[in-house]
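In the two assemblies presented below, chain A is common to both, partnered first by chain B and then by chain C.
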Partner chain A sequence: MTSLLDKKRIFEYLEKEGKRLDGRKPLDVRKIEFEENISENAEGSVSVKIGETEVYAGVKLSINEPYPDSPDEGSMSVNVELSPMADEDFELGPPKIDAIEMARIVDRGIRESKFIDFKKLCIKEGEKSFTINIDIYAINNEGNLLDACSLAALSALCLAKMPKYNEKEEKIEKEITNKPLPLRRENMPIMVTFYKIGKKFIIDPKRDEEEIADYRLSIAISEEDEEIKINAIQKGREGSISFEEIEEILKKLEEIYRKQYLKIKEKILSYG
Partner chain B sequence: MNKESSYKKRSDGREFNEIRPIKAKVGIVPSADGSALFETGKTRAIAVVRGPRTLHPQHMQDPLKGILRVNYQMMAFSVWDRIKPGISRRSLEINKVIEWALSEIVDLTEFPGSVVDVLIQIPQADAGTRVAGLNAAVMALAQAGVPMKEMLSAVAAGKIDKTLVIDVNKEEEDYEEGEGSTDIPLCFGSFSKKIYLLQLDGKISIENFKEILKMGQKASEKIYKIQVEALKNPGKEVRG
Partner chain C sequence: MEERKIVVPGEIIVEGESFLPGDFVRKEGNYILANKYGLAEIEGRLVKIIPLSGVYLPRKGNIIIGRVTSINYRGWLIDFDGHYNGFLSLNEVPKFINKGELRDYLDYGEVVYAKIIEVEGSSTELSLKFKGLGKLEGGQLISINSFKVPRLIGKEGSMISLIKELTKTKIIVGQNGVVWVKGEKIEDEIKAKKIIKFIEENSFVSGLTDNVKKFAEKLEEENE
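Right, the complex of A and B next:
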């Protein structure tokens, strides 16, 4: 828990100096680091660090019956595990609402940007298709797990290679090919979450900043013909947003995307 | 003994009593009281210690001493066939045998009503995950400054057909020729040389079993040295 005094300090410093306790400006992102292939038993896997926050993500493919409403498509499932390994306040047990919400936000950004070509994951219409399982584990929480999970999921997808499929026996063999997953790489989404503290907006919060924010707004965007398109939004927590605030956030988002996130996007796209 | 065994040479070229290349690092999770990585070959374990801290719910508290809880989890993508996240009978049993081993060496009499949580995760598995997890956990406990009677060093011993081996990998674990494979996870105290974790499944003669205990004990001494080296150099990856 952030103490009242700390809360006041974060608040005042941001208000008066326009800075954060670690010296960053409101819209600065901490250093982002990637470590590829943390498990050779995964089709794709990665560790992503944003500052001291760290998450692991891995992609595994399985074969399932397609959903009745999309018989010619494969599917995707995102799971986030927030264990006490990462944060003293996290509890053991089945995923709670925080983890479920996180997984769903990450899922929607990827799904709605049409980053994955689900039709190419179909094996036999109405009978068999690939499911992409993305499992994400929080290793250390120093804030902004949400954006870290999104980057990790995207990186693991880009790194992943299709497993060998045995057509005769209709099952996956224990072998990874060098064929990448059917991704529309030009559609890759980037998610940035804004936090409102007092009258200011910050991104990439540390744990205590995250805790005291009035609300958060996660926005996943992708590019189409050099125009930014919004694919998913989630307003988190209580607190209300004005029209002006939305405009301000969107303006800042574009700037952050071009100045800080394009090179990260390129880095992730270079995988595979 | 090895003459009549069909397993004459280890698939990865190791000597029969040789452990795989080890990597150990202390202090990998900044927000934790203690944390460590322990890798043997392609098996990787990370462990975090949180506490001693007040145990909730209150009725679980021991008024005389703190308690130690272990949670061991294999990541979904740590093995080829994806593991569904959540608890399994296997993981519950592993929690318990690791918990028994660690509870015996920690001294939590100074912390009544509190709990020390030990969280173990396996990102990549190639057999021997419980012993790798235990090795990481002991280092994390030491870094956290939890009072301990001695250190623990664990190793997965085994018998492949008729050959006794140390630090069994997955390929060896799945060996089916002759007598197949016998798994014997072992954990030794650094000073007492006593055994804190012992499991066995397979088929082995009494004589061979006594022999493998000695081999395991020797291997644990090598592991102990690496653990100590890593504890002396937090943040540095120690190899052995």
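Right, the complex of A and C next:
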């Protein structure tokens, strides 16, 4: 729990010096590190570290009946697990509201960008199709789990290979082919979450900064012909937001994306 | 003093009838065995372990720093980074407070420097009725492993005076590993925080005082 004293100091320093207690500027991202293929059994897996925050993500395919409203498409499901190992405030048991929200924000960013070509995941119209299961586990929480989860999901998708499909028995074999998943890589969505503290906006918060923020706004964007498209937006926490603030955030987002996130995007795209 | 060695629970530290078990060790027959992961120390006949990990264990008489997490009609619940929260009763503050006015004296998230007067099972009773205790105002908190507190304080407070001198800050160390730092400028507090973290990480490297001085010089250079 963040004490009132620490809260006051974070406010003051940000307001007066425009800096954060760890020396970063408001819109600086900590060092991001990737470690590929950490799991033997997953079709694709990755560990992503943002500073001291760490998450694991794995992609596994299964066979299901397509949904009746899209008989010729496969599907995707994202699951986020916040275990007590990552943070003393997380509890054991079925996913709580935080984990469900996180999974849905990540899910929506990927789904709405049309990053996955669901039509190519169909095996037999109306009867059988692949489901992509993305499982994300929080290993350590030092703030900004949301963005870490999103980056991990994308990297795991890019790393994943299609498993061998046994047509006779209609099931997935243990073997993995070297065919990548049907992705539209040019549509890759990048998610950045803004936090408002006092009158300033910051990204990539530490745990205490996250705790004292008025609200957060997660925006997933993708690029099309040099233009930035918004795929999904989600606001969290109780603070209120104005139109001017959204405009300010969008302006900052473009700058951050071009300055800090293009390199990360290229790195993820180089997988697979 | 003999050289310290790293032990794991169940490991034999020393053999012999004459040795006495101290903190975190037990005696079984002729052997002294470890109960915790840490550095084993033999001082004369006494064998003890300085743990390298684990949560703070409250002890009667310890002076700690904690944050108010909850308030009820009888007092305040204080989080001091232990297994359970501590309780500061209305009767244990040096001022008469009307019921319903507890928040005026100590509010949620505020920080106190308090003494542990009773430990029984999961309940830890705190008191402010001693000299120098009370609410802490301004400054920042840093949490370190409580077993590293003696290193941070140093012999007769030498290390803590060194940090105060280097950073021109006021520092109070709680025996639970929560440290309060207050300086005139926030930069000074950040510098002190970095030095304290450095001591926590390098607490068992020999020549700690010199290393701290070098580290502080390095921080100074980085700032310029």
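Observations
Criterion: the second predicted complex is superposed on the first by the 272 of 272 C-alpha atoms of A that agree within 3 Å, B and C clash if a C-alpha of one lies under 4 Å from a C-alpha of the other, contacts with A are read in each partner's own complex, and residues count from 1 in each chain.
Everything below uses one rule, namely that contacts are C-beta pairs under 8 Å (C-beta built on N, C-alpha and C of every residue); 3 or more make two chains touch, one makes a residue touch a chain.
Just so we're clear, the structure is a prediction, and the values are computed from it rather than from any experiment.
On the superposed chain A, the two partners chain B and chain C do not both fit; they clash.
Taking chain A as the reference chain, the count of touched residues is higher for B when chain B and chain C are set side by side.
In the superposition on chain A, A:S83 makes contact with chain B only, not with chain C.
In the superposed model, A:L4 lies in contact with chain C only, and not with chain B.
Contacts of A:E12 after superposition: chain C is touched, whereas chain B is not reached.
Applying the stated contact rule after C-alpha superposition, one finds that A:L262 touches neither chain B nor chain C. By the document's definition of touching, of the two partners only chain B reaches A:E52; chain C does not. When the two complexes are overlaid on their common chain A, residue A:G23 makes contact with chain C while staying clear of chain B.
Note for the complex: chain A touches chain B at residues 38-42, 45, 52, 54, 56, 58-60, 62, 79, 81, 83-88, 92, 94-95, 133, 135, 137, 139-142, 174, 207. Only residues 1-9, 12-13, 17, 21, 23 of chain A touch chain C when the two sit together in their complex. Contact residues of chain C toward chain A in the complex are 67, 69, 79, 107-111, 136-141, 180, 186, 189-190. Those residues of chain B whose C-beta lies close enough to touch chain A in the complex are 29-32, 42, 44, 46, 48, 50, 53, 71, 73, 75-80, 82, 85-86, 117, 119, 121, 123-125.
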